[in-house]
Amino acid sequence: MRSSKIIRTIVQKLFPFIVLFGLYLISHGHLSPGGGFQGGVVVGTAIILLALSYGIEKTEKKFKNRRLSMLEKLGILSFILLGFLGIFTGHSFLGNFLPLGRPGQIASGGLMLLFNIAIGIEVAAGVSIIFYALVKYRGEL
Amino acid sequence: MSKEMKKVFFIIIILVMATLFILSVDIEYGNPKNLDVANYYIDKGLHDTGAINLVAAIYLGYRAYDTLIETIVLFVAVTGVVFYLRGKR
Amino acid sequence: MIIHIPVLIIISPLLAAFLVLLTKKYKIILAITSLLISIVFISTLSSRILSGDKVLYHLGGWQGPLGVSLVIDGLSFFFSLIVLGLGLLVIIYSMHERCYGRTYYFLLLISLSSMTGVIYTADIFNMYVFYELLSLAIYLLIAYPKTGVTLRASFNYLIIGGVGLSFFLLGIGFLYAMTGTLEISHIAEKLPIAFNSSTRMVLMSFVLIVSGMGIKIAVFPLHGWLPDAHSMAPSPVSALLSGVTVKIGIYCLIRMIYGLFSTKTFSIIISSSHTILMVLGVVTLLFGAAMALAQTDLKRLLAYSTINQIGIIFIGLGIGTEMGLTGALFHVLNHAIIKGTLFFCAGIMIAKAGTRDVQGFSGFGRQQPSIAFAFIIASLGMIGIPPTNGFVSKWLICLAAVEAGYTVLAVIILIASAITAAYYFRVIQMFFSNPPKQSSTLICKEKQMIHGGNFFKAWTIYLLVAGCLFLGIVPVLGISIVKPAVSILLPHVIP
Amino acid sequence: MTPVNISLLVFMIGLYGVMSKNNLIKKIMGLTIINGSIVLFFISIGYRKAGLAPILEEWTTDGISTAIFVDPLPQALMLTTIVIGISVTALALALIVRIYAKYKTLDIQQLSKER
């Protein structure tokens, strides 16, 4: 199912900017409205937009389902690992051990930036995996 | 119990519960009663967690545990959807 | 490292759950070691907690109502022992089934760690998030065999459970609107002040929380989902569901009623809540017993008998005296052990006979005498015959009812036990009747599940039956574990 | 009619939808309406008159800001509730796809008549 040429060219041009906007939301989660979830969903919808315009098979080659689910597990395990790092460095579980930096800068949230990135990866991969599963289901029992 | 009877019965229950709920809520909309914890977050949020966005300071700094459990909820939902729609394997 | 134990008890099954998804061969070893680690961690704390001490842990280092903190006291220690103990046995029971893949162990570990999470958290909203995670894992575990009927049962449970948890969340919203904090101990301090200014709102939040939890515990009017959910699930999952997951709702109810609304100013709430609990208990008791009589499907019979036993626990909680509470909490432990054994035996019986119908188990006594014997002992426990532990807790609750002046309650419990005896003997006498013909109507998927090792299944059943008899013969051990939990609920009672 | 009362009314509408509709997908819509109304309820609890969004524009050296802010805690809780809501909805829709594939009907009455 390939949509018309107009949609394909627009999506092809817009795709990098949507992903860039999603990454901006993820990285500036602790400075401006946004965060891991919202940014992850924006990146996820960018992949879905690609799939809608270029058809599932083409997008499947670029964003393989197996790699996306590995990314998802990576995101969750890194979140739990960050929690354990809090214990190993003497704070309590999920405690912030990084310096807080100057407010307003990107590196100012301590652990928050890393949390946001882990959540962003997990949500982006999760949303696109759900879309793949729903689209590819051919109705067998 | 015919279909209309059931619908009327449900509507009555819903209206009774709605009036009970609305009568019981007596918050003065606009100035919440006790904001001591919220005021602490507003005053000390930047100092403790270094984040300007106080909402992010709360759900990633003070209550990061909720967010961890909640990403796991999303992960379980994704695994569930894939598990259901994977077909016979 | 020692001070981090409370969070490690919750996180170790969680971490193992994700590692199980990555590995192919080691899924069972990972699952069992993570649960053993948690059990070892709990037992290191047991000496402190049984002496009445409380273990606090602040996540992220934030004190008081700021961050989420975990508290392990007598009550949560007692419930988490049941959760992890039965969880370990469920994993051992389902070890040799080839059709249980990685997702099954992932979901089982997630549900066990979320149950421990609900029990240990001292923050209401965190309790809601963990309860939601538990429900999500249970929706998937119920429909694990993906047959049509399990999908329908899981969907019904999803809708009713979703509505129940929304009531609970709205109740949390009401409490936050009045008190401004989310920590249970802080809310309990601020609630009396809020009670004077806005009494209706406190009453409405109480009603919301109790009805939300009532749906999850499947009390009488709101129990529609339980018989389908518990009977359609695979046997180890329904053992976990009936034995433990229902008790999590009861734990939250106890925390809310005795934790939040326990101060003197709520005397009208406390007295009315006790009568509500008793009335609901009696209705659930009689309804569960009556419906169980009419069942032909073995697992639906066991599901209705769970509703029956929830009624007894509610009556014990409703009485509210020290004896009543001890009886109720001890019955929580006993019911978990007995129902676990019954569902484990049911799994083998169904796989052997190929049908779920009670008539299909004729002659099972001769085919597998040991499993039949275990089933008989467990049903004696459920009815409440002296050598077993069920008798001790039912006797305590009846005694408490008589002491508190509600002799009619004790009579009702005895009648219900008689009905329980009726529908269990219907199953038992099928064991010794000669099989009419070799009925091999193979209907459910559990048939080819049996080829795995019967050894582990049998040993989990023997272990549970041994626990059942041991607690019956030496009840003082069980009551000593329950004592610190009761002393928390009734602080003015000197343990 | 403050937003708090409106959110409780929307909660009731969602509850009515879940209780009385026979179509499975409409039941899920009712559940989503309930979830949305709870988000509105929590946000309207935290509202303060002339309160700004809880993002600090200017702050003194030790992080104290003079402006009046809306209560940030309910908003943080609602992030979690929204994600839980969509997870339950996603799971329910996957279930509906499977149930429809097997029974070819979405009416709860027919489904309960099936064996």
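Points worth noting:
Going in written order, the chains are labelled A, B, C and D, and every chain counts its residues from 1.
Everything that follows uses one rule, which is that a contact is a pair of C-beta atoms (placed from the backbone, for glycine too) under 8 Å apart; a residue touches a chain by one contact, two chains touch by 3 or more.
The structure displayed is predicted, hence computed values, not measured ones.
The set of chains in contact with subunit B as well as subunit C comprises A, D. Compared on C-beta pairs in contact, A-D and A-B come out with A-B as the pair having more. The centroid of the Cα atoms in subunit A and the matching centroid in subunit B are 23 Å apart. Averaged C-alpha coordinates put the centre of subunit A at 37 Å from the centre of subunit C.
If you average the CA atoms of subunit B and of subunit D, the two centres end up 7 Å from each other. Looking at subunit C, residues 14, 21, 59-60, 125, 129, 132, 136, 139-140, 143, 146, 177 sit in touch with two or more other chains.
Within subunit A, contacts with two or more other chains are made by residues 32-33, 35, 76, 80, 83, 93-94, 96, 103, 130, 133-134, 137, 140-141.
Multi-chain contact residues of subunit D (touching two or more other chains) are listed as 11, 15, 45, 55-56, 59, 63, 73, 77, 79-80, 83-84, 87-88, 90-91, 94-95, 97-98, 102. Chain contacts in this assembly form a complete graph, since each chain touches every other chain.
Across the complex, subunit D is touched by residues 32-33, 35, 37, 103, 130, 133-134, 137, 139-141 of subunit A.
Against subunit C, in their complex, subunit A makes its touches with residues 73, 76-77, 80, 83-84, 86-87, 91-96. Listed in rising order, the residues of subunit B touching subunit D in the complex are 6-7, 10-11, 13-15, 17-18, 21-22, 25, 27, 29-32, 35, 37-38, 41-47, 52-55, 57-59, 63, 66-67, 70, 73-74, 76-78, 80-81, 84-85.
Only residues 125, 129, 132, 136, 139-140, 143, 146, 148-149, 151-152, 154-155, 158-159, 162-163, 166, 169-170, 173, 176-177, 182 of subunit C touch subunit D when the two sit together in their complex.
Note for the complex: subunit D touches subunit A at residues 53, 55-56, 59, 63, 79, 83, 90, 93-94, 97, 101-102.
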